[in-house]
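Would you mind keeping the following structure in view while I ask a few things?
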Amino acid sequence: MTMDGPSPHTTLPFAPSHIARADLTARFLAVRRQTEALAAPLDPEDQVVQSMADCSPTKWHLGHTTWFFERFVLMSFLPGYRPFDPGFDHLFNSYYVSLGSRHPRPQRGLLTRPPLARVLAWRDSVTHAVTGLLDPADAGLRARIDPLIETGVHHEQQHQELLLMDVLHLFSCNPLRPAYLPADIMDSAATMAVASKPQAPGWIDHDGGIHAIGHDPAAGDADDFAYDNEGPRHDVLLRPFRLANRPVTNGDWLEFIAEDGYGRAEFWLSDGIAETQAQGWTAPLYWFRPEEDGLWWTMSLRGPEPVDLDAPVVHVSQYEADAFARFRGCRLPTEAEWEVVAAQAPVAGNLLPRGALRPMPAGTTTPSPAQIYGDVWEWTSSAYGPYPGFKPPVGAIGEYNGKFMANQMVLRGGCCVTPGDHIRPSYRNFFYPRQRWAFSGLRLATDA
Amino acid sequence: MTMDGPSPHTTLPFAPSHIARADLTARFLAVRRQTEALAAPLDPEDQVVQSMADCSPTKWHLGHTTWFFERFVLMSFLPGYRPFDPGFDHLFNSYYVSLGSRHPRPQRGLLTRPPLARVLAWRDSVTHAVTGLLDPADAGLRARIDPLIETGVHHEQQHQELLLMDVLHLFSCNPLRPAYLPADIMDSAATMAVASKPQAPGWIDHDGGIHAIGHDPAAGDADDFAYDNEGPRHDVLLRPFRLANRPVTNGDWLEFIAEDGYGRAEFWLSDGIAETQAQGWTAPLYWFRPEEDGLWWTMSLRGPEPVDLDAPVVHVSQYEADAFARFRGCRLPTEAEWEVVAAQAPVAGNLLPRGALRPMPAGTTTPSPAQIYGDVWEWTSSAYGPYPGFKPPVGAIGEYNGKFMANQMVLRGGCCVTPGDHIRPSYRNFFYPRQRWAFSGLRLATDA
Amino acid sequence: MTMDGPSPHTTLPFAPSHIARADLTARFLAVRRQTEALAAPLDPEDQVVQSMADCSPTKWHLGHTTWFFERFVLMSFLPGYRPFDPGFDHLFNSYYVSLGSRHPRPQRGLLTRPPLARVLAWRDSVTHAVTGLLDPADAGLRARIDPLIETGVHHEQQHQELLLMDVLHLFSCNPLRPAYLPADIMDSAATMAVASKPQAPGWIDHDGGIHAIGHDPAAGDADDFAYDNEGPRHDVLLRPFRLANRPVTNGDWLEFIAEDGYGRAEFWLSDGIAETQAQGWTAPLYWFRPEEDGLWWTMSLRGPEPVDLDAPVVHVSQYEADAFARFRGCRLPTEAEWEVVAAQAPVAGNLLPRGALRPMPAGTTTPSPAQIYGDVWEWTSSAYGPYPGFKPPVGAIGEYNGKFMANQMVLRGGCCVTPGDHIRPSYRNFFYPRQRWAFSGLRLATDA
Amino acid sequence: MTMDGPSPHTTLPFAPSHIARADLTARFLAVRRQTEALAAPLDPEDQVVQSMADCSPTKWHLGHTTWFFERFVLMSFLPGYRPFDPGFDHLFNSYYVSLGSRHPRPQRGLLTRPPLARVLAWRDSVTHAVTGLLDPADAGLRARIDPLIETGVHHEQQHQELLLMDVLHLFSCNPLRPAYLPADIMDSAATMAVASKPQAPGWIDHDGGIHAIGHDPAAGDADDFAYDNEGPRHDVLLRPFRLANRPVTNGDWLEFIAEDGYGRAEFWLSDGIAETQAQGWTAPLYWFRPEEDGLWWTMSLRGPEPVDLDAPVVHVSQYEADAFARFRGCRLPTEAEWEVVAAQAPVAGNLLPRGALRPMPAGTTTPSPAQIYGDVWEWTSSAYGPYPGFKPPVGAIGEYNGKFMANQMVLRGGCCVTPGDHIRPSYRNFFYPRQRWAFSGLRLATDA
């Protein structure tokens, strides 16, 4: 019987992937299985509920990522294919207006039917049918469907991260504060979690000048994937600047709280302090202070944990990040500044495969810039907009990114729940500056 | 595997109860089992979701009715009893302010934990412990706990009706329009559902005068239960009036729609038409008209069904009921008028044990007043307030009814999902005039 | 030049009226002039603004009461009459749906045009034209228009009270806390405002029984006016009860505050405490406590004044009144209980003609029941609904009262800003239980 | 007596200013008088009302611009100066958190006191006191206060434009559709309003490259003013692009409407179509189509007028502007693209001194780029953020611009109600993309 605590799992639901990029079929299957593995520790009841309009139920993530392959691949390229269930198109379309009607987003949590078991059956069916299409011998077909499969794989990886974000939010609303996975399982995996001090704060200097940013399809690796919004690659003109050698930590944030950072208007954008006051923010999302001990705790995927002073601060809005930077006499970096530094660093870090499922302190020997990939997404000062020359693809797939280029801000670098091969220097994540349920933190910058 | 449709049940989850009122233990056990039987056709996923703030998840109903017995009986009268789970008190207290903190009502649907299985285990444990207390030999104890058990039994019956109301609302929000039970099972039970015309409309004349209404504890049947709000029994002074011999039917309502009843302000209370326009009401709740056939259908616990012109209209607000009455040159009855007529009729009708789960046409041979009990709750023109001399009991149990005596209107007579022995002439149900998810209809009245 | 303070008035804008009821023309003219006199202390700027949706600008009151006579009298009975301005019908119709389109109520404060001067010119024009119609010799015409004039006169008196309520609310929103009239002018008029203790609390006993309430058109005085909602006169059956000999005072209310009455749920209706918490109520409307002295002050039509402990409490919602009554182990009276007692008392008290413009302490020698008319409207426990046999008049005038018979509660007795001949034992005022900007207080009752 | 129409003015309330930039005293006095002249056609009633939270009453603009000089100049530099009224500091501070408490912005329209006459007296007093400080002989003082006077002058010019925007919005809410000024007066001034075709559409090509933008304090004219947000001047790297030779016209916009531009999601940003649907937008703000003729009219400062097909479209949100550009296969320019083109053009056009008070058709002989200054502010695709190296000034004056650098979009070029010397190539105006009450239009761009 399932009890209050997490289900008894003896192994982590994720593992590093060592599949060659060229083997698209293997990657497709691995990603499909990974999503299911991420859902496995959850009861069916956990998978149906939507805790706020920004979130989606796990079951919906399982269905929507399946809808993507059925709609964009099977319906177009598998002759005679009939949908598994004709009602699902309406239920699991997210926002593709050009593809017809959609179930309203804030009501995704009302879909107790189809039951989870049926969605899983749909998944199996679609996974099987897509695999059948991936015939190595049919080069003509593959040339047409491989880009869609590739996009679908990355799309599903985005939803893996969203799934974990949404589960954490859901569990944070429950006074029982359930854990997604028990701490002991996670600790055995995340062995680097030994007490470890963060790097001493320092700066990385950059001389500025003209540099190219954005995805470079001609960089040699032909199957290297990027979203449309990461291009065109283009030159930017930078002034000399400095970027912090590590993200802002929880310890740093406690100083901000201690010095009444949330109450002092001089640090805040006007919209930021208005939101802060309207929401009553006095600490990052998920922090709480039990009456009995007065210490700060946070809700995590491992359940409640004491705030680790040496780990990067996480679940702060861009407004809070911006205010913190002013508090320190600094600013947030632009996305171009971030990218020209990050492009020099290896793409590795505390990402989903490591299994920590939360930001961790960097070791003192971590090379600089520490934690530029993984741990926390880093807010930038850049509004999410089109790069010069950007044109979204024609058709429904063109709705993927471009239409969201308003009112959102760019984050960079991936986080502790980002799939391991789903991050790269040019990757542009984006959220509204008021949103906090992503694993969002920050790294300081200043003019040189 | 559970599919989209309802789970395969071969028998109805409810049956007429023929347990002697005097056998409290048997009634307690039967009611506990009945609640579980009502939940049984639902998947665990169906039982966790809350489709609007007025509704509660099935799992919450299962837990809250258990909390009632644990909190009011076991904690007070079972020496050494320790709560099954100390966290449940906070989660499953509904509104008893004097008993401590409560989980916010609109967030009941976020409680994916404790899982259903654990709530069912709690139910078993509490049912068992309460049964153990009901020792026929301990007259002293019984004198103290029997009134609480009796209240708890009736309280749980109320939640049985709420459970079905809430399931219907939940399923009505799902584009797949699931059925709570398949029509074939229900039809085999509800054999009176053969095509049957409603009674011809007519009036029951009443001469008015001084009459007593309200529950009469001295009426001879000592164990006859009533809620506090049904008393004190008191005299009322009535003028001569007429009460319709049957409820308003769907066929009647179609005339109201056809004559633009929803659009003509002259029929409406000012608050009523404001609500109607704000909500965009053009028909009773759950009615819809598919584009392909132009006919009115309604969502029911059997899934979607064509509107039955001969059945009583249901799921209308008091505002709509009042406007319909004016449209007909009539008015709604007062609760006193209703009661003096209903007191003369046998307490029987299309209630939960019949298994129809929806209002049915009355046969042409139904004695008058037809359907005064069962089928649909009948809105009155009476604001829900205290009877002269009403005093709520001391303590938490006093929060049961009295504190809701503001802004709500009285309904009378029970409906097709009201447990069979949970209705009586003096029973006062109450909802806000804007609410429609109860099985609420109306019966016309006029001055004589 | 007009300064911040009130305009220099040397006389009060109102005086007792001693016009015979039979002289309708004289009463019509006096009421028209009275409304203009009430507006005179205000700047044009004061007269255009609407401080909340429940309120209307003074200019709108001036126009709407004029529209009433133009629309119901001149348009129907003055041959060849053409409206002063055809656009005004839309702007100054309040809620008569059957008379065509209306300017939305919450936007009345946007009507900077027509300017005040033009509305006053309209007033003069309509007053003159109506006066011309009131030919004593044309008995046939008079028989048809006199009832409309009579209704219009009383309608305008209602708006005189609303005008003062709305001005007080507007000025309460201004940090400068302006006075409608300077205290010295008002004090010279309200000479009874000498320090005076309230009557010692006591009870008036009533034996109950069958009594007639409601307006009695056959009572002899043929021209005695009443609104439709005050009839039909009908018998009610009362149980023995007691009514307090005076209203609840500010001093009483301070005890409620001191004993945390606003925070103790046991005194409150469920809707009442929800509203209280949502609005953050901790004292009557307009009370404030300056940091420098810690004493309670209140905003009044004389500007800010210290709360007078011996005066009746005013500007409380029905929820607060109900909670206070429970705090005292009492209840609010029903409107029938109130009326049978009040019908024995002379209709006199601290009404508008006295010029106090605020509730005053009753003298110790005031006969009992003290202050049953005037000072403060007294909340009852009666929902505002139709009396048995009530039928609204046919046509637009039928929208006057009946359509508001939902969700509101009855208040009785008039207040310090009620015109002197605008109150009577059967008069039913009504507001939503959450509303506080009327001059609303309470008088306790209990079962005998 | 003031009638419904505008007050009888025989001259325009504004005239071209030919005061030398160097004569700061003369400019200060001229700007103060200009603000008063702009308010003069309005009744006191018109000047007190606030028609939406984004707007302010005219009286508030008159007071706030006075508060600026009293607070920043007189209080700091005039020894012994005591405020005209100590309560005004709270009432007329707009958003300077560091200067103390402020009256809530959405309640500015409740301030019927102080009356207009008193605010005008305050204006005179402050104008006089500031003038007295501007002693040409006291070079030391002048060095400190001249920058504040200069900022105050430009601040007041901004409020002149806001005043007219707000008056238009207020009058648009009135069913009487009043005119700010009668058309005949305005026509006699705006003699260029003869029927005139817009320029044929065409493009201005630009080769891109590295260019400097932003205010250049070293450009030779030492007293050339700019706001802090216009600097630092810095290089930008542009790709080749094309900018339209004229703004989009109403005729162009009618094509967008005719081709269902408001309904076709493919043209819209996701946030844009959500806002459009939530607000029910189907045309620019102030457009309306009377039932009797079916033609589009618009509300203007001259009262209602037929939409002029050849004039630039105005009062569109950035969302609409962006959607229109996509409809045409184009995009909005960046602010850098706009500036490098505009910097080559003379700073002249249909600005406030011309007296047209609405966008006008450009003559066919207008040099290209037509109307780059004046007529309508042009939305860009640039989020309003800090230029590289931007640091706000220390102290309260630093709240002027920087804290609004979130969620807003840049507009360029000035409009028909912008004071004549209040525009320059580097001027950055900013509004939320949803806002429409500014005189905002657009000019298309494309990649070369």
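Letters are used for the chains, namely A, B, C and D, taken in the order the chains are written, and counting of residues starts over at 1 for each.
Simple rule for what comes next: contacts are C-beta pairs under 8 Å (C-beta built on N, C-alpha and C of every residue); 3 or more make two chains touch, one makes a residue touch a chain.
Listed by chain with UniProt protein names: A, B, C, D = Ergothioneine biosynthesis protein EgtB.
Being a predicted model, the structure only gives us computed values, none of them experimental.
*Asks:* Please give the intersection of the contact partners of subunit A with those of subunit C.
*Replies:* B, D
*Asks:* Where centres are the averaged C-alpha coordinates, which chain has the largest centre distance to subunit D?
*Replies:* B
*Asks:* What whole-number Å value describes the gap between the mean CA coordinates of subunit A and subunit D?
*Replies:* The answer is 40 Å.
*Asks:* For subunit A and subunit B, what's the span in angstrom between their mean Cα positions?
*Replies:* Their C-alpha centroids are separated by 46 Å.
*Asks:* From the C-alpha centre of subunit B to that of subunit D, how far is it in Å?
*Replies:* 60
*Asks:* Write out the stretch or stretches of subunit C touching subunit D in their complex.
*Replies:* Within the complex, subunit C touches subunit D at residues 1-4, 43-49, 51, 59, 85, 87, 90-91, 103, 107, 109-118, 121, 170-171, 173-176, 178.
*Asks:* Note which residues of subunit B are touching subunit C in the complex, please.
*Replies:* Result: residues 95, 97-98, 210, 234-237, 239, 265-266, 268-272, 319, 322, 331, 381, 383, 385-386, 388-389, 403-407, 433, 447 of subunit B touch subunit C.
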